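Scrolling down, you'll hit the structures one after another.
The two complexes that follow have chain A in common; it is paired with chain B in the first and with chain C in the second.
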Partner chain A sequence: MSHINSDKGMDSGEYKHAMARYVWGFALSVVLTLAGVVIAGGGVFGASLAWSIVGILAIAQLVIQFWAFMHVDLSQDARPDLYLVMFTFVIIILMAAGTVWVLADLASRMGMGAGGMTGM
Partner chain B sequence: MSATMTNTGAAGHSAPHDHGHHDKTSTVIFGFWIFLMSDLIAFSLMIANYADAEWHGIANGPSPHELFSLGLPTIETMALLISTFTFGLCTLGMKYGASMKRTVGWLVLTLALGAIFLGIELYEFHEFWTEGNTPQVSGFLTAYYSLVGLHGLHVTSGIIWGIILMVQMKHFGMNDLLKSRLVRLGLFWHMLDIVWIALFTKVYLMGVLS
Partner chain C sequence: MSILGSLDLNDVFIVPFLKEPTLSTGIAAGAGGIVVLGALAVALLLTVKGWWKPLWSEWLTSLDHKKIGVMYVVLAAIMLIRGVLEAVVMRAQQVSPAPGFLSVEHHAELFSTHGTIMIFFVAMPFLTGVINVVMPLQIGARDMEFPFMNAVSLWLSVGGAALVMASLVVGHFETGGWTAYPPYTGIKLSPNEGVDYWIWSLALTSVGTTLSGINFAVTIYKQRAPGMDLMKMPIFAWTTLCTAILMIFAMMPLTVASFMLALDRHAGFHFFTASNGGNMMNFANMFWLFGHPEVYILILPAFGVFSHVIPTFSGKKLYGYTSLVWATIAIAVLSFTVWVHHFFTMGQTANLNAIFGIATMTIGVPTGVKVFNWLLTMWRGKLRFSTAMLFSAGFMFTFVIGGITGVMLANPTIDFATHNSLFLVAHFHNMLIPGLLFGMFAAVNYWFPLAFGFRLDETWGRRSFWFWMIGFYLAFMPLYAIGLMGAPRRMAFFTDPAYFPWLVVAMIGALCVLAGLTSQVIQIWVSVKNRESLMVPAGDPWDGRGLEWSLGCPVPEYDFTTVPHITSREPWVDAKAAGKRVMDPTEFVDIHLPKPTGMPILVAGVATVGAFALIFEMWLIAAVCFVAMWVLVLIRSYDTDWEETITAEELREGYEAHKRLVETTPKVSLDDEFTSKNRGLILEEAV
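The block that comes next holds the complex of A and B.
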C-alpha cells in the first residue's frame, strides 16, 4: 500500500495504466457535468423528470470521482477506504435525510404547506 | 498490521527499513481520510439545511430560479473539474519519480484554476449582494451564502496549503514527508470537487428547475 513512492518510472506500463484511470475519470466527469447542464437548462424534459435525471447524473459522477481520483475500488488495498466511505454515506443518508424530513414535517405543521410558501 | 507489512513486502520493496516507513505513511493518510469523511458529513448537513431553506425559507426574497443562471456556475465547475484532474497528474507523476519542476508546475496550474473558481464565486456573491440579495433577506439566501461560502473557504485554505507546500519544497527539496503532505492535499482537493458535484447539482441545476 504505497501511496507516495513506486519502484517504476513514468515510462512504465503501471504508470500508463494509472494515468488511464485519471483520464477516464476526467472525461466521464466532463460529459456528465455538461449533460446535467443541458438537461437542466434545455427544457427538453419536464421539470420533475429533469430533476431526477440530474440527480442520477450527480450520483454517477460522485462514484466515478471516488474511483478515478481517490482510488476507491474493490481491491484489497482500498478496502479500509471503501468501508469508511460506505459507513460515511450511511451516516449522511440518516442525518441529512432525517434533517430534511423533520424540518419539512415541522413546516407543514406550521401551516407552511408541503410545497413551501409559494401558494400563499 | 502484519498483514499489511506482508503485502508491502510482496509488492517488491526489499529494504526492511522501508516497511515501517510505508506503514506509517499509510496510517497517516488513512487518518486524513477519516477527517475528510467527517468534513463530508458536515457538508451534507449544510446541504440538508439548504434544501429546507430553499423549500420553506424564501420569505420575501427571490426564489432559486429567479436568482440563478447556469452560465458562470458551469465555467466555475469546469475550472474546478480541470483542477482536480491536474492535481491527479501532479501526484501521479510524483509517485513515479517525476522531477520536482514538473510536480510544482502541475501544482501551480491546479492552484491557479482553484483561484479562477474562487474568483467567479466571489464575483457572483458580489453581483447578488449589490442587487440587494444579502444573506439577511431570507433563510434561503442565508443558507446559500453559508453553504457555497463554506466550500469556497475550503478551496481558499487548499490554495494557502499548496503555497506553503511549495515554499517547503523549495527550502527542503522533495522528500517523503513532503510527498505524503502533497498526497493528502490532493485527497483534500479531490474531495472538494466531489462536494462541488453535489453543490452544483443541488443549488444551481435543481435551482433553475425549481
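The block that comes next holds the complex of A and C.
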C-alpha cells in the first residue's frame, strides 16, 4: 500500500488507478450518506425497516472507506491489515451484541419487555 | 464558586484527627503524614546527595525502554508496599474485638484503595515495566516503536498513582470498592470527592495503558529481527502481543464507563442513575467488559515469564511451543466472552448465565494446557531451584488450586451461594498472587542482570519466596473456609465467634507476606551493597536460552551492536552449541536513538494537575491544563531535533570490547551458578 502514498516511482497508470480509487470512494460515500438521509427523513418506510436500511448503508460505507481510503482489500499486501480489521470487528461485535443481549435479557426479567431497551 | 472549587481546610489529612481524635482518624492522619514525610525525606536525600541532576538527566527524562521499564517497576514496588500495608491493617481490624479500631467508612476506603492500587498501580505497571525491559531485547529491537509515547504512558501512570497517594493527604478516596458500582457511587450517595479520585486516577492510567498496548503491538509487528517470523518469537513476546491486543481493546470500556459515571455525577446525566431512564446494570456490564480481559492482561505476561524461567532452570527446551502459542491466543480471544460471570446474580435468565458459565469453564482448558507444558518441560530436566525457579514452581502448585475454585465459581448455581463472600476474595487472590506477583518476582530475579549488570542476592530471594508462599496459604486458605461458612466480603467487622480462629490465621499470613516483602527490600539492599561480587559483565548468568542473554550485562543503551539474523526459535542456544560465546556480527551501521526529553513528564504532569482540578471541581484550572497538555504535545510534534546518532564505529568498538571481555571471562560450571565465581556465561559443561 505504500506505493500509493509515495509519489516516487509511480507511473501515470498507477497514479490514475490510485486517483480513481479515491474518487470512487468519495463518490460512493456521498451517495450512501445522502441515501441514508433521504430514507431517514422521507418517511416512506416504516421505522424498523428504515433503521435496518440505514444500518446496512452504514456498514456498506464502512467497507467502502476501508477499501478506498485505508487501502484494506483482499490483496496479499493488505492481508495483515485485513486480519486486524476483522479481529477488531469480532471484538466490537462481541462487546456490542453482548451488551444488547445482557441488557435486553435483564429488561425482560424486570417486565419491561424489549421496549425497555429504548429508554437507555 | 471559588477557583479552588470544593477544596477546603477539612480536606487536609490532619484536620479530621485534630477535630475528633480517634484511632481511626489517627491512622488516616498517620498515613497522610507518611506520604508527606516520605516525599520530604526523598527530596532531602536527593538534595543532600546531589542526586537531583543525575536522576533527572539519566532517568526521568530518558526514553530508553530499559530505564522506562525499571521506573515502571519502581512505581509498582512503591505502590505494592502501600497495598500490602493496607491489607495488614484490614486483617488487624478484623481480629480486633468488634467493632474494631477503624470506622466503617475508613475500612471501606481501605478495601477500595487496596483493590484499585493492586490492580491498576501494582499489577499493571509491574507487567508493563517487565515487558518494557525484556521484550525488545528478546525480539532483537533497539527500542520501542514509539519511545516518546512510551515515556508519556509511564508518566501518566505515575500521575494516576500520585492522585491515589494524594487522596491520603487531601480529601478521601471512594468507599465503593475497586469496581465502584453506581448507584452507590452516584452523586446522591457518594457526594464527596472520593469517586472522582477513582475516576480520574483511572482515566490517567488507562489512557497510559492503552498507549502502551499500541506501542507493544506495533513494536512486535514492526521491529522483530530479520528472520524472526511470528512462530519463531519467544513465548514472552507472544504473551506480550496478546496482552497488548487485550490492552488496546479492553481499556476502552472502562474509560468510557468511568467518563459516563463522571458525566452522571457532575453534568446531570442519567446513564447509571436509578431513575430518569438510567440503568446502573449497564455499568457492571461495561466494567466487566473491561474487567475480564484485564484478568488476562495481568496473567498472560506472567505465563510468558514462566515459559522462560522454567526451561532455563530445567536445562531443557520448552515443551510444546506451538501448543503454548495457540493456548495463549485462545485465552486472549475467549477472555472477551466470559465477562458475565462477574455478575451472575444481577438478574439475567438462567440460560444466559449457563452460556457464560460454560464459556468460563472453556477458558480453563488452554490454561490447563499451559500447566502441562511447564510440567513436561521440567520432567527429567536437571532442575536448579533459583529464586526465580522457586517462584515458578510455587506458582504452579498454587495457581492450580485457584483455577479449580475458579471453575467451581464458573458454575452459576455455585456462584449464587458463594458470590460476594470471602470465598470469592480467596479465589481471586489465589489467581493474582501466584499468577501475577510470583511471575513478576520471578521476572525481576531472572532478568535483573540485564538492567543493572549484577545478580540479586539468592539467600534473601529464597527467604522472600518462602515468606510469600507460606504467607499466601495462611492468609487466604482460611478465607476459603469462612467464605463457605458464609462470611461476606468487605465487612468492617464480624461478630460470629466461629470466624475468629480463621481470621487469626489469616492475620498471621498477612504478617508473613509483609515479612516476604521486607525480605525483598533487604534483598535489593544487600545486592546493591555486594554488587561487585554479583557482577555478571559477560552476560548470560543462568545458561539462558533467549536472544536477550547474548548481550552483556548491563545491556548497553543501543541494545544490539548489530541486529542478528534469526534462523531458529532459540538462536542463542544454537550459537552456544556451535561453541560461540558471542553472536556473529552482521552489519555495523549508524543508528539513531531518541534524545532524552522532559516533555513526557511535563505533559503527564499537566494532565495530572488537570485531573486533580477535576476532582475538586476547579473547572477553570482543569480547562487550562487540558489546553496546555495539547499545546505541549503540539510543540513536541514540531521538534525536529530529537535524535542522536551512534556511529557504526562506536558499535564496532562496543562489539569488540564485549568480545574481548567474554573471551577473557573464565568458564564456570552450573554448580557455581549462585556463587561469586559466576561472572556471566555460565556453561553446562564444567571446565
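Worth pointing out:
Here is the rule we go by: the second predicted complex is superposed on the first by the 105 of 120 C-alpha atoms of A that agree within 3 Å, B and C clash if a C-alpha of one lies under 4 Å from a C-alpha of the other, contacts with A are read in each partner's own complex, and residues count from 1 in each chain.
We adopt the following convention: a residue touches a chain if its C-beta (ideal position, glycine included) is under 8 Å from a C-beta of that chain, and two chains touch if they have at least 3 such contacts.
This structure is a prediction, so every number in the text was calculated from the model and none was measured.
Partners chain B and chain C clash in the overlay (superposition on chain A).
When the two structures are aligned on the shared chain, A:Trp24 is found in touch with neither chain B nor chain C. In the superposition on chain A, A:Tyr83 contacts neither chain B nor chain C. Contacts of A:Met95 after superposition: both chain B and chain C are touched. In the superposition on chain A, contact is made by A:Thr33 with chain B only, not with chain C. Once the two structures are superposed, chain B and chain C can be ranked by residues of chain A touched, with B on top. Of the two partner chains, chain C is the only one that A:Asp105 touches; chain B does not reach it.
Residues 80, 87-88, 91, 95, 99, 103 of chain A contact both chain B in one complex and chain C in the other. Only residues 4, 7-8, 11-13, 22, 25-26, 29-30, 33-34, 37, 40-41, 44-45, 47-49, 51-52, 55-56, 58-59, 63, 70, 74, 77-78, 81-82, 84-85, 88-89, 92-98, 176, 179-180, 183, 187, 190-191, 193-194, 197-198, 200-201, 204-206, 208-210 of chain B touch chain A when the two sit together in their complex.
Note for the complex: chain A touches chain B at residues 1-10, 12, 14-15, 18-19, 22, 25-26, 29-30, 33, 36-37, 39-41, 47, 50-51, 54-55, 57-58, 61-62, 65-66, 68-70, 76-77, 80-81, 84-85, 87-88, 91-92, 95-97, 99-100, 103-104, 107, 112, 116-118.
Within the complex formed with chain C, the chain A residues making contact are 80, 87-88, 90-91, 94-95, 98-99, 101-103, 105-106, 108-110, 119-120.
Chain C contributes residues 221, 245, 249, 253, 277-279, 281-282, 285-286, 289, 333, 336-337, 339-340, 346-349, 352 to its touches with chain A in the complex.
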